[in-house]
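In what comes next, chain A is part of two complexes: it sits with chain B in the first one and with chain C in the second one.
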Partner chain A sequence: MGHDKLHFEIPAKTRKWCFGLMGLGVLSAIVGGVADETHGQYWWAVLLICGFFFLAVSLGALFFYALQYAAEVAWTAQIKRVFEAMFSFIPIGLAVILVVLLAGQFHVHHIYHWMDSSVYDINSPNYDKLIADKAVFFGAFFWVRIAIYVAGFVLFARAFRKWSLQEDESPSTELHLKQYRRGALFLVYFAVFSTTIAWDVLMSIDTHWFSTMYSWYIFSGMWVTCMIFATLLIIWLKGKGYFTKVNDSHVHDMGKWMFAISMLWSYLWFCQFMLIWYSDIPEEVTYFKTRYDNYMGLMWGVFFANFAIPFYVLIARDAKRNIKFLQRVGAIIFVTHFLDIWMAVVPGTNHGHEFGHHPGFGKSLLHWGWTFGMFLGFLGLFIFIVLRTLSKAKLVPVNHPYLNESENHHI
Partner chain B sequence: MANKVFHVMYDDDQKLMDAAKALVSQGIRVKEVFSPFPIHGLDPVIGVKRTRLAICSFMYACTGTALAILGTWYFMVSDWNWNIGGKPNFTWIENAPAFVPVMFEFSVFCGAHGMAITYLLRNGTLPGMPASNPDPRTTDDKFVMEITTDDNNLSASDLEAKIRATDVYELNIKDY
Partner chain C sequence: MFKESNLRKPLILGHKTYGDITNDIVNPIMGEAPKQWKIAITIAFIVALYGVGCIFYVVGVGIGSWGLNKTVGWAWDITNFVWWVGIGHAGTLISAVLLLFRQRWRMAINRSAEAMTIFAVVMAAVFPLLHMGRIWCAYWTLPLPNSLGSLWPNFNSALMWDVFAISTYFSVSLVFWYIGLIPDFASIRDKMTNHPMRRFYSILSFGWSGRAKHWTRFEEVSLVLAGIATPLVFSVHSIVSMDFATSIVPGWHTTIFPPYFVSGAVFSGFAMVQTLLLIMRKVMKLEAYINMRHIEYMNIVIIVTGSIVGVAYLTELFISWYSGVEYESYAFINRFSGPLAWSYWCMMTCNVISPQLFWFKKLRTNLSFTFFMSIIVNIGMWFERFVIIVTSIHRDYIPGAWGEFKATSIDIGLFIGTIGIFFTLFLLFSRYFPVLALNELKTILKTSGESYKKEGAHH
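Up next is the complex of A and B:
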């Protein structure tokens, strides 16, 4: 095949960086645990945000991988191991979410108001008719859904990976067609359960509020963060002398995905906001009322960063082919998408008091500091898991039927 | 010396592509290619510059956005304050989210129409304009390459010999 470097090894320096970041994350978690003034509510919220954000990146990778098979895409054939490596994080992401949910169920925190059993009791002063009416949805059925997510995502990911490695050993069209069928099946599964996981894990924080666009908005965020991470990883690997046959056209196409899905996210974010803002119905508007009252600057800042930066910087063809542009824009909007998940969670859990009452500049800085420290800790863990999986198999699937077409990709 | 124009016809886009590569590598300048469809990767071979149509489109779309802002401000705020569902209607900026769909649609409208009209004008292919292709078969299944002696420092016979060396389907030579 002529690939000089098929086996990836984690450079010692990168390994040190990953462990350094993880150490910073643990330190930040300890600092956060001590400094937190919300009885642990905000600390758990940050854990949920970090867990969900990186689970979302890996779920985006699983979705994109299945999409490539279902749509018979050829140009991504030689970079598909990158997506396999990214979705190998799914079990860890799910485990973090599970810890947060179980802690909520045992009343360690009160992120999920509906986990309080007294809201279902008609004789209790806490009785809440709107939640009590959804008792079936939030009862045992909730944990059934969680079990379906865990089982489904893990099993699909394992099958894709297993067949992909088998293909390296013995080329067979049958294996490819199996992947194709399973990819199509996964898209159907994901259409349903990417929606409900967004409801269950994030939207149910604002229990009284609901929006049919919410799951699409969360899903587009998953997809765009996945494309950013994959693009940056591919560029990094190319810089290290791997992927010699990944050419300008592949980079250009990854840039297009980054640009296009940023626009999808912006469209969905704005449509959800605009329709609710315009109709101004009390039961709908609560979500944005909390954000308007306490987070006006951050809310619009996150939206404009995630919309305007990729739009104006990446719109030109030359920009999408320029590695420096992709790296910088990608790094910025990766962080601002993390802030987007922060905006989806914290206003619902802490209502503007996440740093305590009337925090000064120093205190806000401290709390933002350990919040980002935990994000960096998870980032280090994520990068390490991805690179470790990448080092366990050939970097390019040598027997993929579309490999030749992918190597000759030209746009 | 009179200018001689060679209309070199090929019956396959790949043959034309190979011929163009062979001729260009001998320093011959290909003036124009007529083809029923775009030939992938031909532009850099015959030295066609990258189109600036995308830049035009961006400018048309910006014009559209500006016009939509001006329009919504004048119709909805300045000329008569429309009160729709109690929305703030005394400043443009407070009501801006409601105007975003208009701004979006008008940007797309101006960008797309401006681009299409520019394209048709630039290529001389507006409806009713005379066709500029030398042979009607280039709208069917034939591909024509136009080479002139004026563009090339070669005698007509040398040029013809080099052209004949490629996989030609038909060659028409005209004097101008």
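Up next is the complex of A and C:
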């Protein structure tokens, strides 16, 4: 082919695929807008789910990237541009969330019950004491937090990328040590604000409900979807002849992460569920009661797909080195994590009536169809943004001090 | 060819050969015991004897000798239990999780951390066993066929899960530790040509010959055990946390408990490892192997896990308000402003605020400060369990049932006594066992040894 393997170019066919998926997404959004029977509530919920899901993948990448610096990891030195490309999606993900939140604030939809001002008014029939007591948290302070997320995540992502590109031009250990310090700093920022963003964007949908575990459970989902996307992308790039020095051991390690974080997610999901189910306190159990009543199959399906499949398929060493296994299991977990976010949102926004009352098989299929269509649209956009960023810099950072260790990674 | 980056500081200082490593670790075992060791074990043994006395007293008289009452049914006993189990976690984390993460620095500390784990779990087991009142009925917790009518463990109870979790944990940790010791025992045996103890080490080493086949088996079994031990790091303290979290007591029932307890356990465990190793490296002159880099890394683990615990404390505090549940909020208001608020603030200061000082490199590479902090963290983590247990139950739903807890001399004696027993066991270990995994250390000598790294830099 003759092109320099250090510079990635988006193949024309892939570009077409991405635009095709985006087109499908737009079409699905239109179909959804027309077919939706919930006065737009479900349509906005799907937009929120898609936006949050892909924001989560990119935030997971930013977290993992910072972790690699803070923990002085060498083997990922070669593939760090993949994570940089993934976190370049953060502004878009945040923008989608922002659109949904603003639409809620202007009462286009009622995903966030607490955005309704009448619940705070003691003279209104809608007065809700539980929400009114939390007015401090949901008022202007909410928007301050949103501003902090937008500013913090975008600025950190940009700074990491900037120094990373600088290092390509001028080798400097000082720059690496700066990244190390900033990585540690970001982890502190992330520990606080990944927690609150999960409360603000997702947990507050079920406004009365609360769970201290919730934010860590959402975080583990971010992490696992990020690891899957990165693994599949690395495998794909290797298949195209890039990353010649990324060997089986790197793939194996990515597989280990996929396996390990799937187990972390399963552990957190199960602990949260079990403790709430076991103690059966009315204030808490409502959350799972709604899911039990209307989404029993989906709820357990998501759990078992995300726990049992990676557990049984990926536990063996050879499985984690087998590209086909990783691709298939990865694809399943990726999609079921989308359904996990769906389960976090829709029962709270539509209470079992997202497809209208008594929808029947045909209608359910239609609604699931455009829901997944929108997911695929976002996937196309995400892939395109990631690949575009990937094509803008050297695929492998040439002056990374751990490059030699990474190239000689054998386990 | 693989060459460790020069950004990484050496793990073994000075110019050491393979022979030096063996000598540095085996010679102290063969020689006369140092004076400091004799003094230390005498003190520890006296304290241990006092502890054993307290144990016999409790068995004989019953747990009425503790300060428990109708409202506060769990206090120092379960606090001590959770504290000791938590301390045990560092050993498993170092030997299993850090093994999976290929952290080479773990090789200098894993052996003593694993020993610490085992002794700590034994100390932990003392408390629930005594709490049963009739310790001779302890086997009733096991699902054994019996002729005592409907006597059968209640598998719905988290306390029951704990029996299995802890006993599994103990068995796996013991096997893991012992397997690692086998080649090192053989090295001691081979050094001791005419020593009276040779026979002893010969039995302990199970006829290890160092053949390639032995090593293959050894590595396979280590990896499998690491694989089993990793979920155990999580499961044990998760299940300990469920002793509380499955209840409906405000302050106990909170979903974040399992991962937060795990993190807290690792936090306290590393603090105890620091306490022990800072003394051991000095007394046994192991500064070349357990050097500043190891200490700094352990301090980093302490700051990370301490901050995770901090996030969990604040999450709990926030959610208790956010929940809008009166009892839930009160449990936390009572924690930070009630009659036991001093213990809450002690916990907050020791566990969340003071470890943040380790952000300063000067402090986290300072030996005296590290030692001081390791004690502070141990104190803080004891108070964490005390706060969770006692402040959550001493003020019941009905103010008429409110009570107070006052520790008796037996409560205190038992706790101090277990520390004595623990230190006695650890000192015996450090005298007669290879305190560093010497055969494992040899595998990193050429990549991470100071003089070899320097040589490599010239090429």
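FYI, the second predicted complex is superposed on the first by the 407 of 411 C-alpha atoms of A that agree within 3 Å, B and C clash if a C-alpha of one lies under 4 Å from a C-alpha of the other, contacts with A are read in each partner's own complex, and residues count from 1 in each chain.
One rule holds in what follows: a residue touches a chain if its C-beta (ideal position, glycine included) is under 8 Å from a C-beta of that chain, and two chains touch if they have at least 3 such contacts.
As the structure is a prediction and not an experimental result, all values here were calculated from the model.
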Task: Superpose on chain A as described above, then tell me if chain B and chain C fit or clash.
output: clash
Task: State whether A:Trp17 touches chain B only (first), chain C only (second), both chains, or neither.
output: neither
Query: Counting only touches as set out at the top, which of chain B and chain C does A:Phe334 meet: first, second, both, neither?
result: neither
Task: Of the two partners chain B and chain C, indicate the one touching more residues belonging to chain A.
output: C
- prompt: Which holds for A:Tyr292: it touches chain B only (first), chain C only (second), both, or neither?
  reply: neither
Task: Determine, under the contact definition given at the top, whether A:Tyr278 touches first (chain B), second (chain C), both, or neither.
output: both
Field: First (chain B), second (chain C), both or neither touched by A:Trp216
entry: second
Which of chain B and chain C A:His410 touches, first, second, both or neither: both
Query: Thinking only about the overlay and not a real complex, which stretch of chain C clashes with chain B: 94-102, 112-120, 202-210 or 238-246?
result: 202-210
Message: Show me the chain A residues, by the header's touch rule, that chain B contacts in one structure and chain C contacts in the other.
response: 278-279, 410
- prompt: If you look only at chain A, which of its residues touch chain B in the complex?
  reply: 270, 273-274, 277-280, 315-317, 410
Footprint of chain A on chain C - complex, ascending: 1-5, 7-8, 100, 102, 231, 234, 238, 242, 245-248, 253-259, 307-308, 311-312, 315-316, 319, 322-325
Task: Show which residues of chain B lie in contact with chain A when the two form their complex.
output: 40-41, 54, 58, 85-87, 97-98, 100-101
Query: In the complex of these two chains, what residues of chain A are touching chain C?
result: 72, 74, 129-130, 133-134, 137, 173, 176, 188, 191-192, 195, 208, 210-216, 256, 263, 267-268, 271-272, 275-276, 278-279, 281, 283, 401-402, 404-405, 408, 410-411
